[in-house]
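Each of the next two complexes has chain A plus one other chain: chain B in the first, chain C in the second.
This part shows the complex of A and B:
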């Protein structure tokens, strides 16, 4: 591990100032589950590590206000998984949070860290995309909100600007129940990085959202408003044609040791069909 | 006399320390004044070393020594358990990715790491061989310098050795069916949780080495030879390893540490990272062609086995792995005619070595799968064809070797019963059954000393390494049984060549048998002394006293040995010392240099189902039965069997090292090299043992702990075949591989597809 300065700002203003001053030379420590590994393996070599756990605004908190559920940056996967409102409205996010790493990892890993690390295989990204989350950001120019589908750029890269940090992630509480399910493909049942992540959400209107990751540089979202996918009366072929179109953005790497591109494409179809089926069933169960 | 300790399952000796983190592994040991070592490597397997510039590294604060091959005695010393082929540091050319060209010792690990990166190794990358086909290509570069193999007819090839075993007349055999196919077994790594760790410290009385080694006495000999010290001046301290599985049998970086410590004049330590451990040891991969002749009733008429094993650049113990693993390749069956040709092939890959099963899982995968293909073609099921050919007790099924040493039919029937072989199979499920044998040690030498102390407590000195298999517990149980002393008054001492008498090695499931017998002999020596003591103390003729299992039988009753001891020692106190030894002599005319002390026989039966959209396998039931002679500690026996079975799920379902064209491991580390976790276990694991007290060890025990790994792959593949109709001959059976086979079948007009 290369040596670095350790800073623990006490206020949001100090944190932003610190990040602005050091730019890419600074790394944020929240749960540390990606950072510590990178430091030890020397794949991340910051000159400053900014521990944000003392910033009051970032401490673990889940609040509901004005139709939005807000998850603060310090909130861990375990806290998300245990929260009644999240379980009620956003079960697919719980399903994603529940498979991040192992129990010990989930006790430390934060949702904000998961999206800021911007792994294409991030388990929480597809549910956040399907639920239409937005990211509340604090920076040198003040506060701003980034829709989650504009947040990811590629692995380890987001649209956060120099000096900006994530304050919270906000989810619109649906007025009517949405049926949604998160699925992943892994090489084993125990802790694993997913070869495919996929979330499907179906609204009562029939509008269907499909988000998937680990098959390209970033997780992506597609919406079909035709209602065909959610309609049990529609022929399977018609649904498959639409799904095929939605899945066409996948560009799995031929260099991956995890799975061949052919297998990933085929499994993406399988997971999309299964995800759609599960989402429709859940919508029906909720109705 | 009833057995009080043996046959029970007391709490594991040392288990509490292991699970609470109190146990001191080598990595936990720190010496005052120690230096930390980092290895200097190049980023490819095979490179010509042009120059090594250490100047920048030497300027890093805290750096005390940058060691290169030029700093070693010339020619650079080489070592190895079979051949002296491995240099202490790479000479002229690196042979595998991760082979050190130099090493840095510094006051801190960070400084050593930093300096290691600054050692400038000017080199030219050369094309490596990293597959069997590549190594056998006549145009392939020679992995080893032929000069190292003087007098070896194969020296101008990458074949290190060829082993041939032959009996009967294959050509004369009449068969109704001949089945021939090629099967592949992947490269896998041991993945012990404790990393390999080494410390060397120079001192007035020679050199002390701490190592996570399985064979401390063998290491002592290697180091003494390399640095030119007598055995009495090389002390090897070997704390209980945290898992080893064969990967820690032989010297790896201890020789380098020894030379660095002597040069630096200070203790040096090296704890490998997981990634470096991956680059230090692996199992031999293999491609095996099997040709089996069968009569229509399923009886085997002949079998040919051509097994090519891919080694690393240095043999370590792998040539022995190839020879001993392939020799019983036909399994526990009567095969009237057979030809086995096994080759050890060198390559620029991770040095391969022993790994639980010692070369047998590779051949067993091929042969058992081939037998299933024959059974299917003949319309027989897997159980029928195995029982048809299975050797009976006393049958000389393996020419030149020990006859069948168990009622093996019992084992097979019990496994079939546990898996519910005759019950109706749910739709989409399949079942498979497989058998395997592994030879116990062919030679061996274990010494033990047992000290009966004045208060009636006992010290057992036994040089076996307890790497998780539970040998300390077994030895304490045996001493308890023989001396009539409760377990909490017995301590087993091991892991120090200056303190504990010689033990050849901890491998081949030998310790319960050989060390166990040595401990019994030591206890019996104490019995003799106690008999004389009792005679003197109670005014009897020694002939009137019989000592057995913790008790002295006198004409007018029984006296516990502890009472005899105390009466005999009197006010001066002291102790009695008993020595024991167990030897298994070499037999020079035997193809392996000695017959098997016993066979480990296992039968595994699997029920599985496959997700035919994804190719994912769910093991519904995994039944494991082993013939262990006698379970000295039934809980430990079952844990060993279940552990071996779960380990076997690794190479069966998910584990394989993937190399790139520069000979680097692409899935280096825990993220992309997956091993089974608790969530990957079969839905149900059922294990049982067969005990007929017919083994050569204490109370009729046979060695065990490797057998349950031999059969996992063929049993799972057979179940997958029945569930899906596809035959897969390459391991591991990853979801992708099964899906590819299923996909090919969907596209192909023929109903059955072979992948």
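This part shows the complex of A and C:
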């Protein structure tokens, strides 16, 4: 690992100033479970590493206010998984957080880090898309909110601007229960990166949201408001036609070592049907 | 020029004050600066768990944590388990069940299992599998390792 200037800003203002000054030469250190791998294999060679764990506003915290649940940038996967309000309202996010790496990884890895690393295979991305999360950002021009659907660009690239950092991730607490499930396809049952990630959410109105990743440059979200997908009386063929349309954005890379494009497309259909079925069942169970 | 920082941390119960290189991992410092070579370096990408230590009661991969991040924190390595030459029930169970074969992964297995037993004194087989999913054993002694953790849990509950 090459050396770097290690900075540990004590305030949010200092952190933003540091990131603005160094731009792409600076890398944020939160959990470090992606960053330190990159530093060691030298795919990332920053001149400055900004450890943000001392900034009070970014310390681990999960709060509910005005109908939104806010997860601070320093919150780890383990903390997310253990939180009663997240388990009550956003179980599919818990399912995503629970399969990130191993226990050791989840004790360090943060939700903010997972989305900022912007891997197309990020396990938390599809649930965040389905739940309509937004990202609260602090930057040189002050605060702004980015809908999660406008946050990802491609692996390691987001719509964050120079000097901006993620303060928290906010989730709208649903007024009525939503049935949602997160599923993934891996090569083996244990710790592995996903070949497909998928989350399906069904509202009591029948409106269905489907998000999936690892089959293109970024995780994507599609919504069907017709109610057909969640309607048990509708013929399977009609549902498949709608699902097929929702899955048409998949463009799996032929260069991936994890699975061929053909296999990914075929399995994406299977996961989508399973996800829809699980989400509908959960909605009924909650009613 | 290599940059350094003074850090204060607790290692196996003893307060330590050290000057560390900012680009050195906790694993580097434990092994090379403190001579605690029980913690093993293996995959260095957080997949094998051989470098597992306990930081503030949680198991982590010490290869994915900079030593400067341990500043102000409490670190426990495998050397902190046995006291005055007496093995812990967990270590003894690993011996009794034949859980250690080549032995290379065992310090990491022990620390991951230790953290589990501190949190869940009465774990199920599924709990043990999940807690140790990040610890690979190339001798594939998983059955014996699981048996040892469950036996230790029983012993410790007595």
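The rule we apply is simple: the second predicted complex is superposed on the first by the 287 of 287 C-alpha atoms of A that agree within 3 Å, B and C clash if a C-alpha of one lies under 4 Å from a C-alpha of the other, contacts with A are read in each partner's own complex, and residues count from 1 in each chain.
Just so it is clear, a residue touches a chain if its C-beta (ideal position, glycine included) is under 8 Å from a C-beta of that chain, and two chains touch if they have at least 3 such contacts.
Every value quoted in this text rests on a predicted model; they were computed, and no experiment measured them.
Of the two partner chains, chain B is the only one touched by A:267; chain C is not. Between chain B and chain C, it is C that contacts the larger number of residues in chain A. In the superposition on chain A, contact of A:257 is made with chain B only, not with chain C. Of the two partner chains, both chain B and chain C are touched by A:1.
Touch criterion not met for A:242: it reaches neither chain B nor chain C.
In the superposition on chain A, contact is made by A:51 with chain C only, not with chain B. Contacts of A:191 after superposition: both chain B and chain C are touched. Using the contact criterion defined above for the overlaid structures, shared-chain residue A:135 touches neither chain B nor chain C, since it reaches no partner. In the superposition on chain A, contact of A:183 is made with neither chain B nor chain C. Residues 1-3, 190-191 of chain A lie in contact with chain B in one complex and with chain C in the other.
Put simply, chain B touches chain A in their complex at residues 110, 114, 613-614, 653-654, 658, 666-667, 671-672, 674, 676-680, 734-736, 739-740, 743. The touching residues of chain C, when paired with chain A in their complex, are 1-3, 5, 21-25, 44-47, 49, 52, 58-61, 63-66, 68-69, 112, 115, 130-131, 133-135. By the touch criterion stated above, chain A contacts chain C in their complex at residues 1-6, 8, 29, 32-33, 36-37, 39-40, 49, 51, 53, 78, 101-105, 107-108, 190-191.
Taken together, the chain A residues at the contact with chain B in this complex read 1-3, 185, 187-193, 257-260, 263, 266-267, 270.
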